[in-house]
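Both of the next two complexes hold subunit A, though its partner changes from subunit B to subunit C.
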Partner chain A sequence: MTERQFAGALAIAVIGMLAAIGLPLSSEPAMALYGRPLPLTATLAAAALFAAAGLLPPVWSIAAGFAGVVIGCAMSLDLLGDPAIAGNAAFGFWLPVLATWLAAGLCVTRLANLRPRDNAVARTVNLAIPLLFGAMVIYLWEVAVRGFGVPAVLMPSPGATAVRFVHSLPMLWADFVQTFILGMLTGYVIGCGAGFMVALIAHRYRFLGQGLLPIGNFVSALPIVGIAPIMVMWFGFDWPSKAAVVAIITFFPMLVNTLAGLAAAGHIERDLMRSYGAGHAQTLGKLYLPAAMPFIFNALKINSTLAFIGAIVAEFFGTPTQGIGFRISIEAGRMALDVVWAEITLAAIAGMAFYGIVALAERATTFWHPSYRT
Partner chain B sequence: MADKVTDVKADPAVRRLAVDVRDVSLTFETADGKVNALANVQLQIAEGEFVSFIGPSGCGKTTLLRLIADLEQPTSGTLLVNGVTAGEARLERAYGYVFQAPALYPWRTIEKNVMLPLEVMGFSDSERRERAKRYLALVNLSGFERKFPWQLSGGMQQRASIARALSFDPALLLMDEPFGALDEIVRDHLNEQLLRLWDKTNKTVVFVTHSIPEAVFLSTKIVVMSPRPGRIIDIIDCEFPRDRTLEIRETPEFIKIAQRVRNGLRAGHSYDE
Partner chain C sequence: MPVLAVVLALLAIWYVGAVLMNMKLVRDGFEREETKYTTAELIAGTMTAERPLLAAPHQIVATFADDIFGYPPNSPRSLIYHSAVTLSATFLGFVMGAVFGIFLAILIVQFRTLEKSLLPWIICSQMVPILALAPIFIVVLGAIGVHGLFPKALISAYLCFFPVTIGMVKGLSSPDPIQRDLMRTWSATPSQVFWKLRWPSAVPLLFASLKVAITISLIGAIVAELPTGGQAGIGARLLAGSYYGQTIQLWAALLAASMLAAGLIALVGLTERAAARAMGARS
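Entry: the complex of A and B
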């Protein structure tokens, strides 16, 4: 985007902010912006900052732009506190929202085009862009739900979900321990560990591999909704049955990926170990396993999401009175959708954090792989 | 044959044989039938020699080297390395092998790559460090210890792989077209370095190449091979001083030997296929 286009687009945002001052905020009788001193000041300030962003050099323009965006967001969220506006928002309300959205998009684009030379700054910018994007999505979600008055049963606002989340922390923690730590992590460790060990054996004794692979394949093809009730019969209502389900679904991806990884070492690399008269254990430790690491981490990443889904779904088939899956099925039946959304938020955060940890461990161990080399 | 080996030992004037290949043949079973990779190969390499195998592709020169290294097993015949079978020699860590590609492990630093055979063979930690330092200095790679292989040029990687092959001080060095992928200037330079190294350490070197100047420049003995089936058609002695330099390539003797190698290759190569 050229400097001119950027300034022109920001001018549209400024006009949008200023035009809203005289327009009705609500379809119900309500004072427009010019009669509300604080929102009016905020609107004018945001418009001034957007105008400044269009004129200043890049770094300052981004700072001014985001300051305006923050003020614009705060202003519209504040207006939604007025019961006359929430649910009945009109053009005077939506115009600043759209203008703020436009300005935020422009500033993020400019931030992404900055390409700073300093590594630390570049890393901060690369982290900031998705965070700003996510924050904007949550803001628009919040404003849309409250502005249009969407019933909470259909779609609660992020703010209401956050309030519910904070107020239910003890319950969420108990659910997290039950589902994530007891059910999922236990099963994940057992399933991945077993898949890995069987892969080592199948790699060492080829005939065993030929026998084990079809069995593993068969087990992995079993549908989770089919095995979950059976596991509940075998291991009881508590977490061991969930861990069993998770272990079953994580076993095969680990087995197949590890086997592929153990076969990834090249011929020359193998001949090299042979020329040193290295035994199988030494060749395994110094060649096969390091070469298999990218494959093993692939399985760990695939399994981190599979396991979580498995642990949650397995709770739909009988569970003690806690757990993420249990809570979702019960509270959805009671129309307490804010609790369901709080649980979904918990699951998303936990799942992302777990995946992130696995991915970080991957970067640390397989830095040498062509896809990561710097 | 056992008494033959004792004969050699009894006569101090004759150097011990590093490699003794007697009537060795190797047949591969492939999907299209049998392939005679090597037929009735006879070759004796004394300790301290620098022997080159030269020939067109498919003549079995790499296969012969792999047989000496016990990376393949002959279908028939006897192959002794240092007076024992190739398999025993491998387990005694009798040779260092330099492959066509550097084959450095990308997850190890250059230093750790050189230490790899030392770790396998159970050298102490301080010994490993000391040797890695010494042999990296020998191939002019001091200061690159902490680098990863993919951060180095192809020539440097191949030098590191030579340091790795030398690190446990094997008396026999097997090199399979080690400089084949490098440009000619780097190659000349590494050839000279290799000669200095051989002169200094008195190792036995078996060197596979398809370059005639390289073979004549480096060798004390050139083994000319021919394909289908792989066999030796000429063994040429090459009597240049051990401390030869690149200048000898302009001398009439050098050109004469190169000519003989070329004639041998031409005679063994049938163009009617």
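Entry: the complex of A and C
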């Protein structure tokens, strides 16, 4: 995008902000922006900052642009506090929202096109871009839900979800322990551990390995979650059945990946170990396992998402009265969608945190791998 | 040969497991009727129990064959009927997910901003246990009057767009800078660069990710039938089997699901080979 296009698009945003001042805010009778001193000041300030962003050099223009975006967002959220506007928002309300969105998009684009030379700055920028993008999506979601007056039965606003999340922390914690720690984590450890051990044995005895690899490949493509009702029948409603489902689901990807990884050690290295007179255990510990690490971590990552799905699906077939999957299906049936979304937020945070921990462990263990060298 | 040996060994383990796990059940049955029984009768009983803890493989195959051939294909007792219901959701979801995934990948490859802002969220979206969303989709879509196939297909699509997007982003950006420079010296337009360079070099990765996507799509369709309390489909069959303790029926449904998965992968594989031949690959 050229400087001209950037400035031109920002000019549209400025015009949008200014034009909104005279337009009606609501389809109900309500005071327009010019009669509300605080939002009026905010609108003017945001418009001024957008204009400044179009004229300043890149780094300053981004700062000015985002300052304007924050003010614009705060202004429209404040307006939604007026019951005459929430649910009946009219063009005068949506125009600043759209203008703010446009300005935010432009600033993020400009931020993404910056090529900072310093590594630390580049990393911060690369982290900031998706966060800003996410914040903007949540803002638009909030404004759309409240501005159009979408009934809470269909889609609660992010704000309502956050309030519900904070208010029902004890319940969420109990569900988290039941599904995540007892059900998923136990099964994950058992399944990955068993897959790893079997792979080691299959690697030692070639015949077994040749037989297991195609079968493992085939089975890991099957819809194994279907085993959930049988496990519930065997192990009862409580967490052991969930752990069993998770263990079976995670077993095969681990087996296949570890076998592939153990085969990844090069011929030269193997010959070198042989010429050192290394035994099987030594070769395994010093050559095969380190070479297999990237594959093993790949399986751990795949399994972290599979395991969560398995634990939640198993809860659809019967649970004691807690657990994320149980709560979601019960509360969705009662149309309490804010609880459902709070549970989903919990699941998302837990899932991402778990994946993040696995990824960090991978970085710490396989820092030597070419994919991390820059 | 090793595969055959391992399969036979697994079957043997299965039979031993079936005998051991069903033993108590059968013994209780004999004792309740106060009949005398021999060990041979006991073992025979474990093989033919009506609601075994672990069904023996031959029982599963028999029920499977019976469910397929024993009823007319449109009867709700026929596995063909249930498979067709699940398959239609799988296909619809797969097509929606694949098209959406390719579309996203094209956007991401064309716009650098999207690669930086959207791609991390796409990856994060997979850390979220998406199946947890299934009941909400159903409830929300049901509230605005959408029932039946579409909500299920939507869950399948949500699950299977991800591998397509990731694979296509990788594939579309796989041409070397040298090749792109060559296109520039020929003064190719962006659309020419896309259709003559980027797209052909992405096709192998596209099919690799489509194979992953179609199995995920099947899983999505099956799981989506659970919270909907679906009347038909393999997932509904699993749910009914678990409610009424019909273990053999459960296993037969699982067998059907596995066969569907294998068939779907083979189908994508065939398409891949046809596409490769059409693009001039020599096998």
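Here is the rule we use: the second predicted complex is superposed on the first by the 357 of 374 C-alpha atoms of A that agree within 3 Å, B and C clash if a C-alpha of one lies under 4 Å from a C-alpha of the other, contacts with A are read in each partner's own complex, and residues count from 1 in each chain.
Assume a residue touches a chain if its C-beta (ideal position, glycine included) is under 8 Å from a C-beta of that chain, and two chains touch if they have at least 3 such contacts.
Everything numeric in this text was worked out from a predicted model, so none of it was measured.
Once chain A of one complex is fitted onto chain A of the other, the partner contacts of A:Y276 are limited to subunit B, with no touch recorded for subunit C. Of the two partners subunit B and subunit C, more subunit A residues are in touch with C.
By the touch criterion stated above, A:P116 is placed in contact with neither subunit B nor subunit C. Once the two complexes are overlaid on the shared chain, A:G87 sits clear of subunit B and of subunit C alike. Applying the stated contact rule after C-alpha superposition, one finds that A:M155 touches subunit C and leaves subunit B untouched. Of the two partner chains, subunit B is the only one touched by A:I268; subunit C is not. Residue contacts after overlaying the shared chain place A:L287 against subunit B, while subunit C stays out of touching range. By the touch criterion defined above, A:H369 reaches subunit B but does not reach subunit C. Against subunit C, in their complex, subunit A makes its touches with residues 108-109, 112-113, 126, 129-130, 132-134, 153-155, 207-208, 210-212, 214-215, 218, 221-223, 225-230, 232-234, 304-305, 308-309, 312-313, 316-318, 324-325, 328-329, 332-333, 335, 337, 340-341, 343-344, 347-348, 351-352, 354-355. Looking at the complex, you find that subunit A touches subunit B at residues 266, 268-269, 271-278, 282, 286-287, 290, 293, 366, 368-370, 373.
Interface residues of subunit B, counted against subunit A in their complex, comprise 66, 69-71, 90-93, 95-97, 99-101, 103, 105-107, 116-117, 119-121, 148, 150. Within the complex formed with subunit A, the residues of subunit C that make contact are 2-7, 10, 53, 112-113, 115-121, 124, 126-133, 135-136, 138-140, 143-144, 215, 218-219, 222-223, 226-227, 234-235, 238-239, 241-242, 245, 247, 250-251, 253-254, 257-258, 261-262, 265.
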